[in-house]
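Each of the two complexes below includes chain A, the first together with chain B, the second together with chain C.
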Partner chain A sequence: MTPLDLLVAAGQQVIDGVFLGLFYAIVASGLALIFGVMDIINFAHGDLIMISAYFTWLLSMTLNLDPLFSMLLTLPILFLIGLGIQKGLINPVLGKEPLIQIAVTVGLGFVLQNIALGYFKAEPKGYPAPLFSGGFSLGPFVIYESKLVSAVVSLVVLILLSRFLAKTKLGLAMRAVTDDRASAMLMGINVGRVYLLTFAIGMVLIGVAAGLWMEMGQVTPYLGTSFSLVSWVAVALAGLGSIQGLIISAIIIGVAQSLGSLISPSIQMAVVYLIFFFILWFKPRGLFARR
Partner chain B sequence: MASKRSRVPLIIAIIVVIAVVAAGLGYYYYTSKPSPAPTTPTTPKIEKVVIGIVQPLTGNYAIFGQEAVNAAKLVVDIINNELGGVRSLGGAKLDIVVEDAGTSPESARLATEKLISEYHVPIIYGAYISRFTLAMGTVTEQNKVILVTDALVDDLSQQGWMYFFRVAPKASSHGVSAVDFVLDEAKAHNVTIRTAVIINEDSIFGTTVSNGAHLELIKNGVEVLAHISYPYDITDMSPIVDQIKRLNPDIIIAIPYFSDGVLFAKTAKAAGLNPVFIAGAGACGFTDPDSIKAAGDAVLYYTNTYSYNPAKPTDWNQKLVNEFETRYGKMPTEAAGEMFYSIFTIYEALEKAGQMFPNDPLNPDNLRQAFLSLDLNESNSIAAQLYPTGRIKFAPNGDNLYAGTAVLQVQLINGTLTSVVVWPQPQAGVQAIFPRPGT
Partner chain C sequence: MFNREILIALAIFEALVLGLGFALSGNNYLMLLAAQVLLFAVFVAAWNIIGGLTGQLDLASSAYMALGGITTSLLWMKLNVPPLLGVFAGGAVAMGLAVLIGLPTFRFGVKEVWYALMTASLVVILNNLFRYTMGPWDFYLPSKWGLIYLRPRTYFELFLIIDVVLVIVILVNVYISNSKIGYYLRSIREDELASESIGIDTRSYKLRALAIYSFITGAAGFLQIVIYSSFSYRLFDTSQAISIAIMGIIGGLGSISGSIASAVIFRTLGEYLRSSLGGVFPGLDLLLYGIMLIIVGVLKPEGLAGLFNQIRRWLGK
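On to the complex of A and B.
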């Protein structure tokens, strides 16, 4: 391989990695929001993405709609499901021992996996002819349409989320609770309502991630594990409190993963974790932590 | 202290006396039993033979286990209700007890131990995943329980196990078959194959299949430009596809597990990757109905090697395919096919054991002898009618001496993506489409 070939190969992986990273940012955003505001690690995060992906697939196949459009139909349903989960499962364990919170969210994940396995079986389900299934050349590089679209949609949604948190009353309340729950309560913020809506909005973000994934790939009952791991790493790397930080951290992960696959696809996640450890060595609270 | 010491010889003396008396009584009882009068062998009366089945019913491999268990239920129903059970055992019915292999070798081992300790099964079938089966084999050997496996990794039959049998072709032969098929077709169509890229999921199974393919390519003078392994739960195939595109090989030999196959096909299509041929090996992904549903025309013209040929035109094979489709609404593929012929082989071994050892047919050594004495072909055996090569005879290491695979290809037939058998004998009215159109 000539140096030019190597440069082209690396350039291609950087492009793929940036697109992948932007997708990872939307995947991790729901976890970051819920963790940041409610101070609970949602171990069912990946499995909620998995079950949302099944919703998208089901609607796509039933209505013969591209996942990007059927995703829009799932979002209100997921918002309501989010309200239900928060009210029924999360709220009772908020402020309790971390072990109880972990047990509840891990348990929820297992339940979702088994529901998926029982109802949808273990076969991968995918939408066979997504709208953006092709690719095009840009100089020596290949651009995958589905990855490009998912990156653009992720970026737009995350910018909207950032504006929402910065400009709306609810967004400001969420940030206030994130920064100091006790002071927020003293200022008259209805923390219970903020929690309820935070989880529901988190579910909407999960629904967007699931819809984008169905444009690119397929879902099995165990899809959630991969997304859980990458979400935790992205949130930990970014630190709490910054959407921009989450985007940059997720891009670091995406690029590291893609470049790692140049060495060997079998060790691409090991490369991600090595970089993660290295960064946390110097910035243990994450790259962009506000608190 | 002194009195304690003085009691020791007394206790020893009492133990010795009890042991001598017990031995004497035992000897008297044993020698006083009337010896059985010599009789002609009679058909033993056994109500049922319980077969243990260990399959992955949860976790990433559940797709295979669920299909295998469905197939087992169908075959056992047929044996019990249509064939009248095992005739040489007085019409003994087959009963199956299913245990979940779970997601690790340890859980497969525990499932095996449970079947042996709770159900005292003489035969266990499992567990599709080779590393799970490796853990099971140590338990079945210790307990002298016959293990019939649908796991394909070559090493399993090289463990020196006495009670191990595998009807299905081993993993490396899948890789060899995939290469032989491509080179046969290339020769038939005057296409020269000079270079290849191999990609495989990095489990022991994928590695073994790909090594078989790699050696066969080298043997036939084809240069392997790259041999790329990846984790089966990979979520982004584009780096691999990009690399293959840069290398521009004549053919790609791919050994996916399932989901990764769909992802590869979709990504390759998006990247416009179109070599002379893309051949799968190892019976997972690309050509099965679920992969076709999930990937759509991205898998058009892909092939894969199978340990089972659903299109084999024997009466029993067509009957099982039809009944499976009626009962479960889908075509039987690898896991079901292996179960079909393996359970029928077990059935025929039980028949043989009843004939050879009427006084103790389920003794593990007698069962082993029965398995080793089988020489099945399509005229004398249902199992052989279901097997790709039509012959089943076990070597001392438990492998089938006549193992073989079939190659299926996804073709567009009457506007529908359909998987058809194209090699070694194409099914009626079908031939392999080679090379890929547009190359």
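On to the complex of A and C.
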């Protein structure tokens, strides 16, 4: 390989990494929102994405509809499921020790993973003919349509989310609860209701991530673990309280993973988690924390 | 340190284990399952030191297990070091890595969820690195048998070896739990800040707990490879590491009897489900672990140990 080839290969990985990073931003957004507002440690986050991806796939296959559209159908249902999970599982452990929260959500993740394994079996499932499956070349680089589309959609959804948090009454209430729960309560914010809606909105973001994933790839019961870890790495890198920070952090992770795969595809995740170690050691509040 | 009540309980437990061993010794398949269940209890009992007593939710058990086991195996295959000695090297390597990572981790105050995530990602990092260096293949142990290789000819003898290890780990647990370090560790679990303010060197004690746990797990790792009779990068398995922590939590944090009971009961039940319904519903055993964990977390955070205490109180009335 000449140096120029190497440069082109690296450039291609950076482009793919940015797209991947924008996708990771939407993957992590639900976790960041729920962790930020409710201070609940959700280890089942990735598994919720995994099960939603199966849900999207099932709808796509039965209705013969592209995942990008069947995703839209899943969102209201996931919103309701989110209300249910919050009422049944999360509320009882709110404010309990971290270990109990981790235990319950790890349990939920295990349950979802193995329901998926039992029902859908271990073979990967994918939608055979997604709307965006081709690619085009841009100079020496190749742009894959599905990755581009998922990056654009997640960016749009995240901008909408940040508008929502900045402009609407509910969004302001959510931010107030993030900053100081006790004062928010004293100012007349119904914290219980904010929690309920936060989790439900988090589920909607999970549904978007799941739908975008089905446009790009295939789902297996074990998909959740890596999504959970990547989301937590993004939250650790970003710190809480800033969506822009989350996007930039997710892009850093995506590019790091992409460049890591240049060394060998089997160590790409190791690169991401090494970054995670150093962040926890040297910058435990993250790069962009508001507090 | 080892009062009569504990010794009697241990004797009863051993009588049960050995009785079961003799009863099953005719059936190779069941004997191997029993050995696997007992080894699982060893890992859970070792985890109890860092997770149960110290309250650090460590999710890297399978990493230390695999690292120690692979070290022992490679020493045997490449340098002809008999595993009876090699397991100590395996334990030492696992401990070395744990301390190397533990030092900065505790120094910079990484705890709770971040500690759990860090250890979980350690499993993935090692999984990736070993896949990169070893490739996707299974490596089989040499065809040599004997006590010096910790690889007996019958599963019954293997069961006995694992039982000896289990007794050692239980005694280590009891010793730690009843000595000064045990009180320090429990106070760290209950309130780290308060422990520090009364002069406990929390960093150093957490590191000690981590070192003991990782040494035992690494040394016992070879026995897991003996059960499989092969090893690959797949030993670095996040869901195995999580299962071990789950058993420690279901058993009741810090309770050695509770965590061993939950390891034995649920792993046996899990193996039974896997062998009877595994074809129709794979993962049913893990599904059961998950449901138990949710029930314990929501309804009974003190776990099986709490249940035992309740029964004891009820019997005493």
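Just so it is clear, the second predicted complex is superposed on the first by the 284 of 291 C-alpha atoms of A that agree within 3 Å, B and C clash if a C-alpha of one lies under 4 Å from a C-alpha of the other, contacts with A are read in each partner's own complex, and residues count from 1 in each chain.
What we mean here is this: a residue touches a chain if its C-beta (ideal position, glycine included) is under 8 Å from a C-beta of that chain, and two chains touch if they have at least 3 such contacts.
All of these numbers come straight from a predicted model, not from anything done at the bench.
Trainee: Clash or fit: how do chain B and chain C relate after the overlay on chain A?
Mentor: clash
Trainee: Kindly classify A:Y144 by the partners it touches after superposition: chain B alone (first), chain C alone (second), both, or neither?
Mentor: It touches chain B, and chain C stays clear.
Trainee: Taking the superposition as given, does A:I115 touch the first partner, chain B, the second, chain C, both, or neither?
Mentor: A:I115: touches chain C, not chain B.
Trainee: Is A:P124 touching anything from chain B or chain C once the two structures are fitted on A? First, second, both or neither.
Mentor: Only chain B; A:P124 stays clear of chain C.
Trainee: Contact-wise, after the overlay, does A:V157 reach chain B, chain C, both or neither (first, second, both, neither)?
Mentor: So A:V157 meets neither chain B nor chain C here.
Trainee: Could you say whether A:Y273 touches chain B, chain C, both of them, or neither, answering first, second, both or neither?
Mentor: second
Trainee: Which partner does A:W281 contact after superposing on A: first (chain B), second (chain C), both, neither?
Mentor: Touch status of A:W281: second partner only.
Trainee: Looking at A:P92 after the superposition, I want to know if it touches chain B, chain C, both of them or none. Which is it: first, second, both, neither?
Mentor: Second partner only, chain C.
Trainee: Would you sort A:T225 into first (chain B), second (chain C), both or neither based on which partner it touches?
Mentor: Touch partners of A:T225: chain B and chain C.
Trainee: A:D5 contacts which: chain B (first), chain C (second), both, neither?
Mentor: A:D5: touches chain B, not chain C.
Trainee: Both chain B and chain C touch chain A; at which residues?
Mentor: Comparing the two interfaces on chain A, one with chain B and one with chain C, the shared residues are 114, 117, 121-122, 221, 225-226, 264, 266, 268-269.
Trainee: Please give the residue numbers of chain A that touch chain B in the complex, ascending.
Mentor: For chain A paired with chain B, touching residues are 5, 8-9, 12-13, 16, 20, 114, 117, 121-126, 128-129, 133-135, 142, 144-147, 216-218, 220-222, 225-227, 257-258, 261-262, 264-266, 268-269.
Trainee: Given the complex with chain A, which residues does chain C contribute to the contact?
Mentor: Within the complex, chain C contacts chain A at residues 55, 57, 101, 104-105, 107-110, 112-114, 116-118, 120-122, 124-125, 128-129, 131-132, 238-239, 242, 245-246, 249, 253, 281-284, 286-287, 289-294, 296-298, 301.
Trainee: Quick check: in the complex, which residue numbers of chain A touch chain C?
Mentor: Against chain C, chain A makes touches at 41, 43, 89, 92-93, 96, 98-104, 106-111, 113-115, 117-118, 121-122, 221, 225-226, 229, 232-233, 236, 264, 266-270, 273-274, 276-277, 280-282, 284.
Trainee: Within their complex, state which residues of chain B touch chain A.
Mentor: 58-63, 66, 202, 228-231, 233-236, 238-240, 242-243, 245-246, 258-259, 262-263, 266-267, 269-272, 290-291, 293-298
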